[in-house]
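Per-chain numbering from 1; labels A, B, C and D assigned in written order.
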Amino acid sequence: MTRQDQPSTGRDATHWLAVADEVARTLAADAVQRERANEQPLREVALLREAGLLALLVPAEAGGAGHQWPLAHQVLRRIAAADASVGHLLGYHWFQLWRTRLFDQPELTARLERHTARDRLFWAGVSNPRDTALTLTPSKHGWRVTGRKSFATGASVADRLVVSGTEDTSGRKLTFVLDAQTPGIHYLGDWDNLGQRLSASGGVEFRDVHVHPADVLGTQPEEDDGAAHRQSLAPLGFQLLLSQLHVALAHGALTTAAGYTTEHTRAWAASGVDRAVDDPHVLAGYGTLTARVEAAACLVDAAAEAFDAAAAAGQALDAEARGRAALRISQAKVVSTEVVNTVTTEVFALTGARATANRYGLDRFWRNARTITLHDPVTYKAAEIGRHLLTGAFPPVTGYS
Amino acid sequence: MTRQDQPSTGRDATHWLAVADEVARTLAADAVQRERANEQPLREVALLREAGLLALLVPAEAGGAGHQWPLAHQVLRRIAAADASVGHLLGYHWFQLWRTRLFDQPELTARLERHTARDRLFWAGVSNPRDTALTLTPSKHGWRVTGRKSFATGASVADRLVVSGTEDTSGRKLTFVLDAQTPGIHYLGDWDNLGQRLSASGGVEFRDVHVHPADVLGTQPEEDDGAAHRQSLAPLGFQLLLSQLHVALAHGALTTAAGYTTEHTRAWAASGVDRAVDDPHVLAGYGTLTARVEAAACLVDAAAEAFDAAAAAGQALDAEARGRAALRISQAKVVSTEVVNTVTTEVFALTGARATANRYGLDRFWRNARTITLHDPVTYKAAEIGRHLLTGAFPPVTGYS
Amino acid sequence: MTRQDQPSTGRDATHWLAVADEVARTLAADAVQRERANEQPLREVALLREAGLLALLVPAEAGGAGHQWPLAHQVLRRIAAADASVGHLLGYHWFQLWRTRLFDQPELTARLERHTARDRLFWAGVSNPRDTALTLTPSKHGWRVTGRKSFATGASVADRLVVSGTEDTSGRKLTFVLDAQTPGIHYLGDWDNLGQRLSASGGVEFRDVHVHPADVLGTQPEEDDGAAHRQSLAPLGFQLLLSQLHVALAHGALTTAAGYTTEHTRAWAASGVDRAVDDPHVLAGYGTLTARVEAAACLVDAAAEAFDAAAAAGQALDAEARGRAALRISQAKVVSTEVVNTVTTEVFALTGARATANRYGLDRFWRNARTITLHDPVTYKAAEIGRHLLTGAFPPVTGYS
Amino acid sequence: MTRQDQPSTGRDATHWLAVADEVARTLAADAVQRERANEQPLREVALLREAGLLALLVPAEAGGAGHQWPLAHQVLRRIAAADASVGHLLGYHWFQLWRTRLFDQPELTARLERHTARDRLFWAGVSNPRDTALTLTPSKHGWRVTGRKSFATGASVADRLVVSGTEDTSGRKLTFVLDAQTPGIHYLGDWDNLGQRLSASGGVEFRDVHVHPADVLGTQPEEDDGAAHRQSLAPLGFQLLLSQLHVALAHGALTTAAGYTTEHTRAWAASGVDRAVDDPHVLAGYGTLTARVEAAACLVDAAAEAFDAAAAAGQALDAEARGRAALRISQAKVVSTEVVNTVTTEVFALTGARATANRYGLDRFWRNARTITLHDPVTYKAAEIGRHLLTGAFPPVTGYS
């Protein structure tokens, strides 16, 4: 990568898609080796940083590239097809910074965005809803935060963190920003899972970490407050990103497997053809899988549009508009989960036995898919959709919906 | 329907979607009874005619509503969800008239469109590619056409027919227009199939039927002629319409079944809930099916956009652009076929046993789906997609691709 | 059929399988027409009667054929493949008579068996667990029974009925036998459903129908009584029969479709082969479906063995042995339900479009399957199996498990 | 293991099933660690040896345990559920020795069996049909064999090898036995694949390896020779073993996952239950998967019976009996392949995200399944079954059928 010095601002979509393709090629070249080495994804984040991608969604006036989510989704799909861990890091980075806007503190957001563009900061979050909440204890100059959270994707390689916790005196839930190197933050390094291995998704422990009042984004609003719908877009945004990663993984598996079949697979004797690419079952097999992936991709696109529309509504967002976006995103989750788990298993039937050699690393797509699709149980997304069809009710607002 | 006298011209999309909804409601009200009666769909075509829908795509200057395919697809999806046979008739009608444009005889097309708007004509085609071709014998004032074709959807209730045949002296394949009442045309009335029963898809026999030179749309072009790609959009258009009908059928099955579950289904004792709509399996079941249908719908939408783009290219359409549209349409066919056959079977597991009573007619969705999805074997659509992924080749131009 | 006069006693399994095949051929010959005519299955029951099949399980000493369930299941599978309604009637007939043994009144059972053999009686039951129970009011010479039950397969064409009701004075649940022509029994003729049309599964109304004390089989035992497990085999037996019908239907659909493909289907142009039976997708398609059906068949066989073992245990049957049989039967239900609904839909993709003509009636397999598989929701069978795997608990005793 | 000194002879089935369970427990205890260490399975073979299992099928008169295949299959299923690589080694070991009987040289077989029992020998084979055949060059005292074969499961840890090659002078195909340590045999150690990692399935190179005439089992017979059918049982036996491993893997995945769910999985908030084992979707999910695995297991049992019957026919085995066994085995392959790939993926949806931690190693079931199910493409097994249904033809005799 030699794009290090270029300014982000002023480049058009074509530029960024070319950057995405270049990053994807770089990542694909040694994806198998890097995954096996299983090191902290410092080089990977550096690659994104040097490519100028970290500030893609930062407004031009804050020194960023000034682009919107539709382009970011395209970039994400390309990069995540090559390395879903890196896609995971990038998507979450963008979203953690972007979601500071939901707190309607434009000056704070502007400051965070300026710093991100200037110092090419990488963001991550610490907020797994299933863990006990972090405790915020009021102190002289703010708060001290204590506790432990698991599955904090990207945190251990981040510059800035978005963190949530509960004030012990009031029970209020606050969301705030921290420098990732603040004393008292300990990265547990306990992410050793079968997939998304380079996503740095280990736990984080906070021991009396100081939070400054100026870094507080806001408190969780009351349910019938206008801000409630708006802030409740955050879990939807993460759900949408997961579906995008599913589709990218499925694309990556398909194209990698197809490349293998074309290059290596020998025709089976009983097929009566000379080349594997003329085997009727290979052709129909790839075609069926491709069609399913494309359907999932179109649905994720539609979900992304629904999310953008909801976000664009600002404070005017109401329960129904929020609900319709949530349903679209749940649909995308259901279909993309099913598709990616199927595709990443089925491609092997189209490559043949020798593609199971570890040097091809074709199983990483399944391992990544199987890991990421378990973020939260998809059957409860399906239930949300079914309930709406049957009763008209919209999904409740939770950490996952 | 009391919209009989209204002019089509000048009404906007909102109007036509309301018309579609009204027609759909009318059709749904006695869909079960009409299907069982299994009569020629004369009343159904009259309904479409009176609603002003036949000229939806006829340009305003020719007296039509002047709308484009995107709106037509929306109308079609609503009407076909209520009655897929009628959707079949309407979609094919629109396309038979529209595809006359592909022959680049603007005056002829303009005449046909004017007459269609003025006389509210209903169109159908006679061209099943698997049958032996009709024979055209040159005569003093044109040709005489002889032969027999099966599966001519809508022909027996049409005003005008688009017909293809082979000139016996030259081997050229000609496409021409006929008044459906021309002497010598015999409708065989042999459509007695398990689904799409009201689609009037019986055979047609031609016995020395006169074809006037002024009604000849054109001859099939040579393969590397510029017109070849353009005329070859016709089979793609039919394929696209089939996928649209699949999605509409799936929607119709889902909403009809959901209505039944809400109104009639009793909670199963072992579920531990009081209402069927609170049964976790019912909720997740409907949600999963809905998500799959929505994915198929989004893919069909994308295919329709690809088709429109290809059509808009006019003579500039090249093999690659044609090929990309063909692949998108094949993807839509593969996914929508799978989805509609699954959904129309699976909804019964969510309604329970009593929904099998014939008075509910819930099986008509499966019977329609099972019939229409067999138009041509979907596995060969999948093979086209797979071949492109593996070798870059585009689908060949045939009567089905 | 000319076997009318032959005695049942003394014939071996070979004989009865040949009879089954002959009955199956007779039924298959006009299955499509009979189903469409939708008359009461009087001729069908007469066919079974004349073939001597009604007393197959009646002991030789009572004048029956003296065979056991394994042979009955083989006979059933052959007949139900040809006509699943008739299989339904026959299986339920056998089981209604056989289950009188579970009440341990050997003399009463012997009398019923003797009469069945002598008069070639046809049995059915009236006991849908989801309806309100019939009311038994003690009278001078027994009881008077009042109420209404739905879905009483075979009752309207039966000679004898096994009926259950609740004594209004005591709340005891009694099971008893009735002559099907007893005054006050009204057959509602309300079975008009999409499948199993000839199974005579309409409702029955009882208006002050006299029950004689000598015809009472017994009362439902207390839960921890030894007889409880034994009598609780009845719902398992019905569940097992349903799975057997599923497998038979799947076999029938496969062989009927394969016959059609061999005889009628034309090779698709894009297949590159001359005969449909050489199309790789047709071959693999039929093979995959066949393999799945055979797996289901083997599991149903295993379930039948488990049931026979439980039945053979007599009063020694304990909760675990009963539970293991129940689990096996639930497994069979889960798999056979999935398989038969899939197979009866998928065969059409292997026959092609023209097989949807109503004269072939190939949809009757799907309609029968879709109807019979809804007897009770299969997902709760799956839950029983899952609960056992996770917790070791056996299925509860209910009207369906 | 302390069973080292016990004689195999004279122990009954109960003994061997207890041994199997003990070996399975031992293997399961560190299966995850051993798989990750990825060493040659020397300790694993030693475990089988010390348990006395190697001579299970050796006749008592030759010093073996004197048991038959039905018991061996039960033992195999238990051991392979714990460690499918070891099951692979054990099954192939048994079969390589057993298949020497097919050459009808009872004295040679008796000698091999005696030595196996006496010296507790471990057997493997070298015969991948897709590679170029090994070359046998006649020499003064037999032959010299040269060439290279891949995928020789177990060879590198074996005592004896069954090898096939083609005589360069005559073109005859000979099968012979070799001491695995014979000079000139080189084990390539090139098995580094995603699953079945401890199955020692690397390649073997032969450089002028001496073959003694007394160790030649026989030549491949002419097609219409009586011995042809008999020797052609060998590929069927391997296919059967693969299906047995599939079923064992599926069992292993299910019970391991169920153990995890019971012990570790937390109820999902939206489920409304306190324990994951009460979640309706978890219950139905495990139940559905269990039912499918049981169906596959029953079909594999039926296939094993068919194989045993064919083997028992000896020289009387004809094409039809061979064909029927082949079809049963192909059915088992089709269903077990589908089931094991589904189950090993789907269990994760029932354990939840934390089960993806590498310390649980739950992905090894999928990796093993995905690897072993690719032995040869299952779609061509399906095609064999379909062809028989449509045309009555039996599968051809090949290295895979």
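Remarks
By definition in this document, a contact is a pair of C-beta atoms (placed from the backbone, for glycine too) under 8 Å apart; a residue touches a chain by one contact, two chains touch by 3 or more.
Predicted model, so just to flag it, every value in this text is computed and none were measured.
Interface comparison, A-B against B-D: more C-beta pairs in contact at A-B. Relative to chain C, the most remote chain by averaged C-alpha coordinates is A. Averaging Cα coordinates per chain places chain A and chain B 40 Å apart.
One finds 53 Å separating the Cα centroids of chain B and chain D.
For chain B, residues that reach two or more other chains under the stated contact definition are 271, 280-281, 284, 379-380, 383.
Within the complex formed with chain D, the chain B residues making contact are 271, 280-281, 284.
In the complex of the two chains, the chain B residues touching chain A come out as 254-255, 258, 261-262, 277, 280, 282-288, 290-292, 294-296, 298-299, 301-302, 328, 330-332, 334-335, 338, 379-387, 389-391. Residues 130, 151, 192-195, 266, 268-271, 281, 341, 345, 348-349, 352-353, 355-359, 362-363, 366-367, 370-371, 374-380, 383, 398, 400 of chain A are the ones that touch chain D when the two sit in their complex.
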